[in-house]
Structures are given as C-alpha cells and as structure tokens.
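The same chain A turns up in both complexes below, where it pairs with chain B and then with chain C.
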Partner chain A sequence: MSVHRKQDAPDERNVLDTTKQGVLGEPLERPEGLLKVTGTATYAAEFDAENCLEGVLVTVPVVRGKVTSIDRESALQMPGVVAVIADERLTGRAAQGMAGEAPFQPAQQVCYWGQPVALVVAESFEEARDAAKHLAVEIDEDGDEAPLDPDAVEAEQRKPTKNGDLAHAMTQAVHSVDATFTTDGHASAAMEPHAAMAQWDGQSLTVHASLQMLKFNRAELADSLNLKEEQVRLISPYVGGGFGSKLGISEEAVGASLAAMELGKPVRVVMSRQQVFQTVMRRSETTQRVRLAADGEGRLTGFGHEARVSNLPGEEFAEPVLQSSQFLYGGDNRLLQLEVARIHRMTAGSVRAPGEAVGVQTVEQAMDMLAEKAGLDPVELRLRNIPDKHPAKDKPYSSRKLAECLREGASAFGWKEGPRKPRHTREGEWWIGSGVASAARIHAVVEAKARVTLRPDGTALVETDMTDIGTGTYAILGQVAGEMLGLSLDDVEVRLGDTDMPPGSGSGGSFGASSCGSAVFLACEGLRDTLAEKLGIEASDLSLKDGFALWEDEKKAITEVLDGKAIEEIGHFEPGKSTEDYAVASFGAFFAEVAVNHWTGETRVRRMTGAFGFGRVLNARTARSQCLGGMTWCIGNALTESLLFDPTDGHLANCDLAEYHVPVHRDVPDLEVLLLEERDAAASPIQAKGVGELGLCGGAGAIANAIYDACGARVFAYPMTPDRVLAAMPEA
Partner chain B sequence: MPITINDTPHDLPDDPRVSLLDFLRSHAGLTGTKKGCDHGQCGACTVLVNGVRINSCLSLAVTHDGDEVTTIEGLGSPVSPSEMQMAFLRHDGFQCGYCTPGQICSATAMLKEIAAGWPSDATEDLEASPQLTGEEIRERMSGNLCRCGAYANIVAAIRDVAGESA
Partner chain C sequence: MRPFDYQRAERLEHAAQLAAGEDTMALAGGTNLIDLMKLQVETPQTLVDIGRLSLGEIADDGEGLRIGALASNTATAAHPRVRSDYPVLARAILAGATQQLRNKATTGGNLCQRTRCYYFTNIDQPCNKREPGSGCGAIDGIAKLHAVLGTSPHCIATYPGDMAVALSALDATVEIAGDGHERSVPVREFHLLPGDTPERDNVLEPGEIITSVTLPAPVGGTHIYRKVRERSSYAFALCSVAAVIDMADNRFTRADLAFGGLAHKPWHDPRIADLLIGSEPSAALFDKAADLLLEDAQGYGENDFKIPLARRTLTAVLCEATGVEA
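And then the complex of A and B:
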C-alpha cells in the first residue's frame, strides 16, 4: 500500500509532538557508527568481486581540442593490460546535480585541462596505472584561443531582480556602502576519491559507486550507456563524503561500466586525488559588488548584489550567489544581478552550500562596514534590518529564528555590545578581535519515497535508495520511524543506498532529511491507520510506545496486533505549494574571535559560536555535527581554500591536498553550537528544514569582520591569506 | 620472513610497486585502511608499523619484511571495539567515516608518543614532558584530514580516552 501526499499547505498538526516514544530529536549515536569506527563499513571500491580488473583513467594536458588517435596496441603489449576503453559513450564531465541525463559526451572532445579521454584496464592496479601513464594520445589542439580568464570575456546576464531605483537610493542614503569582493574557487575534496566497481551479466549492470543521489544517477548512467534504467542497479550504502561532488555521476562510473560490459568481468575504477581535483566539480570563483543604502538609523533603503561567476560552455549551472540576498535583509530599492562567463576550466557545479557559501559572507562584510558608518553595534544593525515579509515577493516567512540566533548567539559568545573600533586589544604580536555574521540558506524539498515494514516480531524496517554521506540519515530515518511506531532506535533497521529500494530524494541541497524523513513519516501514518483499523479504533485515539499500542485504558503488544503478519507502506512525499506560498529558509548567526599577527598577517581563529534555527531537530547529535562541519568549512573558506589556475595554460596548479588547503586539526578551535528549536509547518510534513549547509552560509564573513576588528585590515578578497591581510593592514 | 598484519602472517607481493596501503586493501582484504590521496597528504591510510604510526601509502609493501602491522581491524572489532573506537562513537567523532580509521590509528599511537615524551611544534618547553593540551592534540593530529569537519568532536574523543587512562 502507499500513502501519497503533495504538500500544498502548511502542516500545522505537528503530529510528531503528539507521539509518545520520545526518540525523535534525541542525541542518539549513529546506528552505523560501530562499523565506521572499526573500519568495517564498506565503501564503493571495497566490495569484493572475483577476478576484478582494475581501471585507471587517462587524462590529457590540453585545455581544448579533439583526440585524433590513441595508441592502443602499444598499451596492450604492456604486462597485464587487457583493454583500452575509448568508447564514444565515455563521458568527459561530471553530471550536474539532479541532471538525470548523460553528462557531456564524447570524452574525446576536450574542453578543459585534465579531462579524461580513455580508460586503461589491467589485471592489477599497478599495471593499469603504469600503462595509463604511458598511453600515447594524439590531439588536434585548439587551445590558443580558448578563454581562461573569467574577467576577460563578455558574460551572459541572468534575469535580474529589480525593485525601485537602487542608484537613486544610493545618492539619497545617509549611510552607504559600495564594495567589490572576490572569492576564489573551491573544491569539495571529499575524503573518499570517486570510485566505482561495475559488474555486467549480459543483461543488467550493477555498480557499487560513491554517489549522493541514486535515482538521478541511475538515469544519468543508463542514458550515458544507452541502457534502460531498469538495467542499472546502483549500490552506495556508505559514501565517504560528497559535498556536491557526487551529486551527479563522473567519469569513473561510466568508464568502469563500459569496461565491464565490454570485458564481461567486474571492473573497478578509482580516481586519483589529482583526477578528482582536475575533473570533478569546482565551485566557481566570484566577483561580487554589494551596495547598501541606509537612512540615519541604519535601516536599509536600498540593497544591491551583483555577481559574476563562470562555467564551461554548454553548462546551465551558475553558482547561485544571490540566493539568500533575495530575502535576508530589507531595502525597497533592490537590484540583484548574476552573470556567467564562459571559460575553459573544469565543470563548475555544486560544492557544499552552492550560492550562500560565498554569497552571504560578502553581504555580511558590507553590513559590518555599514554598522561602522552608522555608529551602530553590528548585531543591532542586523536586528534593525530583518524584514517583516519577503522584500521582493510580498510573501510571509514560514518561520525564522534570525533575531533569536543573533541575540542568543551574542549572549553565549559574550559579545561586547556597542559600535566597533578596530585594534582595541593586543597580545604580544597578535591583534585580537571579534566579528558577527548572519546565516541564511534557502530551503528545498524534493520528491521522495520510502518503504516501512512493521515485521511480525514488532521491529520495523525502513528502506529507500536515499544515501548517508555522513549526514546521519541512518539515525534520523530510524528515529522518525521509531517515534511514529513506538519503537526504540534499536528496533528499527534502516537500509539505504540501493536503487532496488524505493527512490528517495538523494543527499543534496540540505533537503535529504526533510524530504526522506517526510516519506518515512507518511509511510508510518499509513501503518498507524492499519494498526488502528485492526484494533477497531480511530487512528487519532492510538498511541504507540515501547512496542505497545495504547488507547483509552487499553494496552496491547504490537506483536499481538500484527498476529504474525507483517504490514508495510510506501510513503510518497511530493513538494507542493506550501514552499511556494512562503519564504522558507533556515537562519542563524555566527560569532568568531580571531588573532591576527601584526608582522606576518597570519590569522588564527580562536573560538567560534554558531546559533541555528532550521525547524524540527531530528537528532541533536548529528545536527550539531553538521553545524560543526559547516563552521569548519567557514574557516577554510575565510582563510585558506583557493583553487589556483595557471593563466597561461589553464591547468589547476594546486590539485592535491598538500596544495589545496582544507582546514586541519590545528586550524579548528573549540566550536560552540546552539540549536534553536522551531516548527516550520510549511517546510515539510515533519516541520523540519535543512542543516547540512547552513553552518557554512555566512561564517567566513564573521571571521573577515573579526580580522577587521582585530587589526583594522578590511580585506575584500577570499581567502584572507597572510599576504592579503598584510597588504590591507593599516600603517599606524 | 613474511609481514605480520594484526597477528596474521602474510607473504609479501611479487610486484615491488605495491604500496603497503594497496597490499592491505587489495591483497590482505583489509579495507578498513583508506586511500584518500595516495601521496601522504591526508592520513586516511594511517596504520601502526611496529607500534609507530605511518602513512601506509608512502611505503612499499616489500620493505616491510618481518614487520608487525596493526590496522584499524587489529585495534578492535564491532564485537570488541577499542577504547578509542568507543570514544569516537560516543563523541560523534566522524561523519562520513572515511578518514575515521586513520584518525583512530593515529590517535592511538599519538597518545603513546606524548607519554613517551616526544615533543611537537606545540610543545612550549622542550626540556619538560609534553602536556596533554588541546593544542598538543591538534598539532599532533594535523596530518589526519577530515573534510566533514568533525575535528572538534575528534579532539573531545581523544581527550576522553587520555583522561581515562591518565
């Protein structure tokens, strides 16, 4: 049986506040945790298959051109080599999130430096790697004219948001800010490199892969290979991090599949770390102009945010830098304009919190500059500019904890109220300062299905092709089911990451928990109805707790009610009008304290507080961990992370983890997280929003503002490396 | 002499190009040790060789003739996890779980290094015994990257274990 709901109106019932188990929201340990800490959780490359061959991708050092010949014969003479795959179906780019169709083909048409063009398959990894290194590939190169610099080409304009007259508001403003910022490109750099192990039985393909969104990935892979979706099964029970880089399929999955189909043997392909950097998604670099016009009290009369981003020719995705600028702050005169430059760097796509991860921090720096001009406490300035309704669309907010997060965050952090004056505290060589920023991230929900079975022994089974990429899906889906069915988490088994199970939303855009959680919730509503029917009572009179059905003064074990027969439901959740009728988003606030070295310009984050409101908290432990993760990314975003491209030949110069600097242990101090519970009835039937990305949306701005407060250096370029801080350091 | 992995002897590979990491994963079937970069930059492949932590990707298997290797599987199992493994679970010191075996192997060996008096960049006084401060732990664990950003919880887990044994 199946329970379907398209959410066209807010769900104010808050069913999960009336249930009795009390397991939802609890900070429970991850059920799969013991496997992960003992090294027994099995990731894509680790599935065992007899006579598995090893494939290594061959990439070319050319920014644009066409492969004219590949010397297969020489490669096949090398020890252990069994095939060179350069099929026309081999893809040359990563698929964008939720594409559901083949990414760019054929791979032999080269569009960026480091694009894979072939796959060498051998009996051992060492043999395949050696042969791949020696494979001779001839290319008709056409790179001299290929644009490489996003600032040197004419850009395509996206449809702007325009209200009133911003230019006029700027001239009339008592206080105004007009500042231009840059952010460098970012890499997801998930710890598990992209990997796939494919098996073909002549009819159907099974691929163990490291992917975030299986129902879309299945369609992408089938389309790439000219197979029917039904012929493709994807299995991804554990994913070693994604952060957007595994939203769509990449070359290793297609390559492994083509080789397995040609050779009739299992084939494993794992990208090298360098290949992951060179060929998978990058977050586009951005140039952003922020204009703020305000009256004498610091209230915004105008708000402008314009951004230039880049992507390859033919790619629709444009880093949605302005996403939260649409609704975070007021100002009647508005201009938001995004433009895309077409250049030959690897595909730009989603990296954790696309848009807000670089768009909020620049606005937050501009707000800090405005607070200084208006002589206001930066927290107070933000509180004054929280709009009553969506500033451009005249619709209400579904729920919003921004003011509470600013106030409670400030209190927890020990924020010193009042206008800021830089260089107030020095400890030896170090200037000490603090900064604030708001957090905002759009909310999304995606169609999702999940099957829940109540088994005769009274335990439950949850099944969906949804993934757990470290987000806590195993825990939270088990907790939603346990809460609805009156079971402890130990009595709920959650199976994920297999396209043989009902299609979930996939992990992306912070929508996994609310979307798939809602599908599980709906299935459980159906199961509760069935139990009530079996008992001959109204579902509204039924309570379920610790394996018992309770109504009036009666009590009966669920196992007895089931009487030896399992019952199952498929929950089918679909987004509807409720998320269109309201401005639905997650909000928060960041506070950071930094030390900046007067002589070297080095910045150390000393402590950080984040306060976040994102609807119902499904598991306070995993939710907090998501916030910690986001805040850790803020530190990298603010201080160290930058993709560096060679301006002459377009290659990525820092394509490994030694040269692309993600935060390490010593970069990350103790972090404090406050979770502000709320119920958002418009967001989802379980009143939950997303939290996977919110912790990254604005926090780098708090660090930037703290740098200014500490030493007086207002830096307009991210990351704020020592050279940039030093250059902006005031003389006196 | 063969190589001993988690108390079990194994014959070394014929191909001298096989790294210790690939030997563990592909030849010995011990996939708990992870490959994150294959260049000694991320620490996901950390194992103990004769009790000392190393990046197994930077070492060729054939050079470990007679060595005793301990991997994450050797530290504990789901039935009988080690103290450090339990602390990581308790403190949510991981998310995706991919860097986790390396973090745990590294942390296990790192505490012994502090106990043995090995100094680090964070050690204030090189003459005195290093103290178990947060800064010492962070410095000594900085070779183990975690992209999910679980550092704060990892440090809490390590402190928990260090506190119990202190």
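And then the complex of A and C:
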C-alpha cells in the first residue's frame, strides 16, 4: 500500500509534536557510527567479487581535441593487461546533479586537461596503472587556442531580476557601497575517492558505487550504456563524503560497467586522488559586484548583485551565486544578474552549497562596509534590513529565524554593540577583531519514496535508496519512524543505498532529510491508520509508545495488534505549491573572532559562533555536526581553499590534499553552534528544512569582516591568504 | 608507478655498493620517494632499502651531537639534547609536515626531499629539473611557492624543507659515505643553486649515502624558527627564518640566520651576521639586514609578495629576539 502526498499547502498539524515516543530531535548517536570508525562499513571499492579485474582511467594532457588513435596492441602486450576500453559510450565529464541522463559522450572528444579517454583493465591495480600511464593516445588538437581565462571571454547573460532603477538609487543614496569581489574555484574532493565495482550477468548490471543520488544515477548510467533502467542496480550503502562530486555519475562508474559488460567479469575502477581533482566537479571561480544603496538610517533602497562564473561549453549549470540575494535583504531597486563564461576547465557543478557558499559572503562584506559608512552596529544594520515579504515577489516568508539568530548569536558570542572602527585591539604581533555575517540558504524538497514495514515482532524496517554521505541519514530516518511508530531506535532498522528499494530523494542540496524524512513520515501515517483500523478506533485517538498502542485508558502491545502479520506502507512525498506560495529558506548568523599577524598577514580564527534556524531539528547531534562541518568549510573558504589553474594549458596544478588547502585541525578553533527550534509548515510535512549546507553560507564573510575589524585590511579576494592580507594591510 | 627491483641493504658498505648501481635510489622513510614514484616523477630501476642499517642513533659527538641519517624527525625533535641545546632544530622539525609523516621521515630523506613545484610533480608538464632541457613550466605559470633568491632562467624551484633551514643556521655538517670513501660537507654547501643543472638538488654523487648530520658544540642564545604558511600546519613555508641570536650589552654577539622558502637551498648570507654583530638592535638596522638579504631578490609575478614578506618576517624575528618594538 502506498500513501502519497503532494504538498500544496502548509501542514500545520505538526503531527510530530503530538507523538509520544520522544526520540525525534534527540542527540542520538548514528547507528552505523561504530562501523565507520572501526573501518568495517563497506565502501564501494571494498566490495569484493571473485576474479575481479582492476581498471585505471587513462587521462590526456590536452585541453581540447579529438582522440584519433589509441595503441591498444602495445598496451595489451604489457604484463597482466586484459583490455583497453575506449568505447564511444565512455563519458568524458561528470553528470550534473539530478541530470538523470548520460553526461557528455564520447570521451574521445576532449574538452579539458586531464579528461579520461579510455580505461585500461588488468589483473592487478599496479599493472593497470602502469599500462594506463604508458598507453599511447594520439590526439588531433584543435588549432584554435581553447579559452582558459574566464575574464577574457564574452559571457552569456542569464535572465536578470530587475526592479526599479538601481543606478538611480545609487545616486540618490545617503550611504552606498559598490565593491567587486573574487572567489577562487573550489574542489569537491571527498575523503573516499570515486570508486565503482561493476558486475554483469549478461542481462543486468550491478554496480557498487560511491554516489549520492541513486535514482538519478541509475538513469544516468543506463542512458550512458544504452541499457534499460531496470537492467541497472546500484548499491551504495555508505558514501565517504560527496560535497557535490557524487551527485551525478562520473567516468569510473561508466568505465567499470563497460568493462564488466565487455569482459564478463567484475571490474573495479578507483580514481586516483589527482584524477578526482582533475576530472570531477569544481565550483566555479566567481567575480561579483555588489552594490548597496541606503538611506540615512541604513535602510536599503537599492540592492545589486552581479556575478560572472564559468563552465564548459554545453553545460547548463551556472554557479547560482545570486540565489539568496533574491530574498535575504530588502531594497526596492534591485538588479541581480548572472553571467557564464565558457572556458575549458573541468565541469563546474553543484559543489557544497552551490551559490550561497560564495554568494552570501560578498554581500555580507558589503553590508559591513555599509554599516561603517552609516555609523551603525553591523548587527543592527542587518536587523534593519530584514524585509517583511519577499522583496522581488509578492509573497510571505514561511518561517524565518534570521533576527533571532542574529540576536541570540550576538549574545552567545559576546558581541560588543555599537559602530566599529578597525585596529582596536592588538596582542603582541596579533591584531584581534570580530565580524558578523548572516546565513541564508534556499530550501528545496525533492520527490521521495520510502517503505516502512512493521514486522510481527514489533520492530520496524525502513527501506529507501536514499544515501548516507556521512550526514546521519540512518539515524534521522530511524528517528522519524521510531517517533511515529512508538519505537526506540534499537527497534528500527534502516536500510539505504540500493536501487532495489523505493527511490528516495538522494543526498544533495540539503533536501535529503526533509524529503526522505517526509516519505518515511507518510508511510508511518499509513501504518498508524492501519493499526487504528485494526483496533477499531480513530487514528487521531491512537498514541504509540515503547511498543504499545495507547488510546483512552487502554493499552495493547503492537505485536498483539499485528497478530503475527507484518504490515507495510510506501510513503510517497512530492513537493507541491506550498514551497512556491511562500519564500522558504533556512537562515542563521555567524560571528567570528580572528587574529591577524601584523608582520606576516597570517590569519587564525580564534572562535566562531553560528546560530541557525532550519525548521524542525531531527537529531540535535547530527544537525550540530553538519553545522560544525559547514563552519569549518567557511574557514577554508575564507582563508585557504583555491584551485590553481595553469594560465598556459589550463591544467589544475594543486590536485591533492597536500596542496589544495582545506583547514587542518589547528585552523579550526572551538566552534559554538546554537540550534534555534522552528517549525516550517510550508517546507515539508515534517516541518523541517535543510541544515547540511546552511553552515557554510556566509560565514566566510564574518571572517573577512573580522580581518578588517582586526587590522584594517579590507580584502576583496577569497581566499584571504597572507599575501592578499598583507597587500591590503594599512601601512601605519 | 614503474616496476622496479627492491633490495635491502644489510650493512653500510653494502648499501653504498648497491646504491652505486645504475638508476638506483636509496629508500628511507619513503614519505617523499614513494609518492614521487607513484606519480612516475621518480622511476628508479632499483630501490635500495637502507631502513635496516644502524644509522638511527642520536649521540654525543664531542661537545656536539651526531644525528643518524635514519633517526626519525619525531625522535630528533623529541631528543632531550636537541630540545635543550638546539631548540631551533626541534622547532623547525615540528613546524613541518604532520606527526604521522614525521614519525616516518628521516634525517637523510628530509635533507634530500625534492621540491614541491607543481610542474615538477606532474610528468605531463615541462620541467628542467625532472627532464633537463624540457623547459620550466613554473616561470610563466603558477609560481606562488617559488624562489626569489638564487634562481636561474632554468629553474625557480625552492627547497621545501624546514629542518635543513635550522641546520643551516646551526652550521651543521652532513656526513657522507660512498663506495670506499667518506666525506663531510657543511649543510650550507650541501644543497646547490639550480644554475644550468637544476636536475641536481645537492652535492651527493651517485652511490653516496648520508650517514649522519653533526651539530657543533651548542652556542646558547635565543633560538627561533618562524614559518609563514597558508594554514597553521601541514603546509610548506611561504617563507621561514631560523635564528640563533645572542646579545651582550644590548649588542648582537651572535646572529646566525637562515631562510627557507626563498631559494633552491636553505639561504644563508654571512653578510647579515657581519652587519648585525656588534651593533645595537633597531628597526633601522633590521631594515638594513633585510636590504642585504633581498638585494638581488627577483620575483616571478605570483611570488613577488615573498620579497616584502621575507623582509617583514625577518623583522618580526629580530624584534622577537631583541625585544625591539617596530
């Protein structure tokens, strides 16, 4: 049986506040945590099969061209080599998130430096790797120089948002800011490299893969291979991080599948760390102009945000830098304009918090500059500019904790009120300062299904192809089911990551918990109806707790109600009008204290507070962990992360975790997280929004503002490495 | 990685003999060599594992100290005499890499670690150091990490390590054994400038093995190792300064300084000590020292910032050592 709901109106019943089990929201440990920390959770490359062959992708050091020949014969002479796969179906780019169709084919058409063009399969990994490096590939390079510099090409304009006359508002403003910022590209490399192990039985394909969104990935893989979706099964119970790089399929999954189909044997392909960096999703670098016009009280009369991003020719995706600029602050005269430069770097796609992760921090720096001009406390300036309704579209906010986050965050952090002047505190060589930024992230929900079975022994089983990319999906889906069915987490089993199970939303865009949580919720509502029916009562009179059904003064064990028969429901959640009729988003505030070295420009974050409101908290521990992760990324985004592309041939130079600098432990101080409980009835049937990405939407701006407050260096380029800070440091 | 032969040396003479073979490299902790072999930057026919030789000892050497070539960086940094008599060395080592790497990394391997130039480690790029005559990708490319002192048109790479910078300030000596011979080379002369043979990092001849590093008798003074980097650990130096400084009557009596991240070798300029010794510390004097240091400095665009950064870092170190406020 199935319970389907398309959410066309807010669900104000808040059913989960009336249930009795009390497990939802609790800071419970993730059930699979022990497996993960003891190395016994099985990741894609760790699945074994008899006679499994090893494949290594062959990449080419050319920006643009066409493969004209591949010397298979010599490779096949090398020890252990079994095959060279250079099928037309081999893909040359990563699929965009939720594409649901094959990414760019054929791989032999080269569009960026380091693109895979073939796969060498051998008995051992070492033999395959050696042969892959030796394989002679001839390429007819394009005569014209491929454009590599995003600032040196014409850009395509996307449809702007225009209200009133921003230019005029700027001339009329009492206080105004017009600033241009740049952010460098970001890598999406996760701890677990891209890996796939494929098996073909002549009819159907089974792939153990490391992917975030299985129902889409299945469609992408089937389309790439010219198979029917039903012929493809993906298994991905644990994913060692994604950050967007595993939203869509990449070359390893297609390569392993093609090889398995051709050779009739299992084939495993694992990307090297360098290949992960050079071939999967990057976040585009951006150039952003922010214009703010304000009256004498610092109230915005104009708001402009224009951004240039880049991508490969033919890719629809453009880093949605302006996403939350649409609704975060007011200002009647608005101009939001995004443009895309076509250049030959690997695919740009959705990398952790696409858009806001680089778009909020620049606005937040501009707001800081405005606060200084207006002589206002930066927190106060933000509070003054929280609009009553969506500033460009005439619709209300569903729920919004921005003001509360700013106030409560400020108080927890110990924010000193009042207008600010930089260079107020020096401790030895170090300038000390603090900064604030708002956080905002759009809300998304995606169609999702989950099956919940109440088994005769009174335990429940939750099944969906949803993934856990380290975020806590196992825990929170178990908690939703436990809460609804009156069971402790020990009595709920959650199975994830297998396309043989009902299709969930997948992990991406922070929508997994609210979307799949809602599917589980709906399935459980159905089960509650069935139990009530069996008891001959109204579902609204039924309470479930600790394995018992309770109504009026009666009490009966669920096992007794079931009487030896399992019952099951498939919950089917579909987004509807409720998320269109309201401006739905998650909000928060960041406060950072930094120390900037007077001599060297080195910046160390000393402490950071984040306050976040994202609807119902499903598990306070995993939600906090998400925020900690996000804030850690803020530090990387502000201070260290940068993809370095060679100006001559466009190759990515820093392609491992020694040279691409993410924060190390010592860079990450005590982070304080405040979770502000909220119910958002329009967001999802469980009143939850997304938290995963919120923690990295704006925080880099708080750090940038703190750098300015500390030493007077207003840095307009991210990351704020010592050279950039020093260059902006005032002389005296 | 290319297929290779693996041999384990049991005795030093044996090691030197084996290492003299064609296309042969010594393997110590492997933290640099194995990575480079995976990338096919290093493609030795034969690896001679010297890890079992008894070269791990750290022992008194007259008034000085002898640090075996196979002593781990962790053991050296933690050694009581290093900590009390040569703290600049302990500090330099601890400013490098990570605990896990330092547990494996050895004295000899650390001295011989290769540059982190992105073009050197990518075999699809031109690099005179890796493939003489192929050109230098970094000169017109990404050169943020690169040298501003002692460069040549053939190579602008830096020696990336920290330990050797402290050893240079301490005027240590590298003890070397070859097939049938032994020799000593001051650390300050061990690494080479790139000139027109950037493929040569140091003076070791084929078959020669570092057996130890000897430190002269301790000199006291204030020991500072200051490393400027993009994150607070696990990053190579943009610029570093090792300093052993002593004062009497508010005048410098010792000013042994060496610089990392600026050149193809730990940079030591004897003129700086000559300038400082006997003088009273002052901001103006420190500026003069920086002038000397950077007299011939040349940036390559992306690394231009290293020139003012080196000046500021040197000033910071001298201020810290002398208590002068600038």
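Going forward, the second predicted complex is superposed on the first by the 730 of 732 C-alpha atoms of A that agree within 3 Å, B and C clash if a C-alpha of one lies under 4 Å from a C-alpha of the other, contacts with A are read in each partner's own complex, and residues count from 1 in each chain.
By definition in this document, a residue touches a chain if its C-beta (ideal position, glycine included) is under 8 Å from a C-beta of that chain, and two chains touch if they have at least 3 such contacts.
Nothing here was measured: the structure is a model prediction, and the numbers come from that model.
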Should A:Glu602 be classified as contacting the first partner (chain B), the second (chain C), both, or neither?
second
Could you tell me if A:Val664 is touching chain B, chain C, both of them or neither one (first, second, both, neither)?
both
For A:Asn637, decide between first (touching chain B), second (touching chain C), both and neither.
neither
Given the touch rule stated above, what does A:Pro647 touch, chain B (first), chain C (second), both, or neither?
second
According to the contact criterion defined above, which of chain B and chain C contacts more residues of chain A?
B
Kindly classify A:Asn217 by the partners it touches after superposition: chain B alone (first), chain C alone (second), both, or neither?
neither
Identify the partner contact of A:Thr622: answer first if only chain B is touched, second if only chain C is, both if each is, neither if none is.
first
Pick out the shared contact residues on chain A: the ones touching chain B in one complex and chain C in the other.
126, 130, 658, 663-666
Please name which positions on chain A make contact with chain C in the complex.
61, 126, 129-130, 133, 274, 429, 598-602, 604, 639-640, 644, 646-648, 651, 653-654, 658-659, 661, 663-667, 721-723, 726-727
Would you tell me which residues of chain B are touching chain A in their complex?
15, 17-18, 22, 25-26, 29-39, 41-42, 44, 71-73, 75-78, 81, 85-86, 88-90, 92, 94-101, 104, 122, 134-135, 137-139, 141-155
Show me the residue ranges of chain A that touch chain B in the complex, using the header's touch definition.
29-30, 32-43, 45-46, 48, 124-126, 130, 188-193, 238-243, 270, 272-273, 469-472, 621-622, 624-626, 628-633, 656-658, 662-666, 668, 670-671
Mind pulling up the chain C residues that touch chain A in the complex?
1-3, 39-40, 116, 118-119, 122, 124-125, 137, 140-142, 144, 228-235, 238, 305, 308-309, 312-313, 315-316
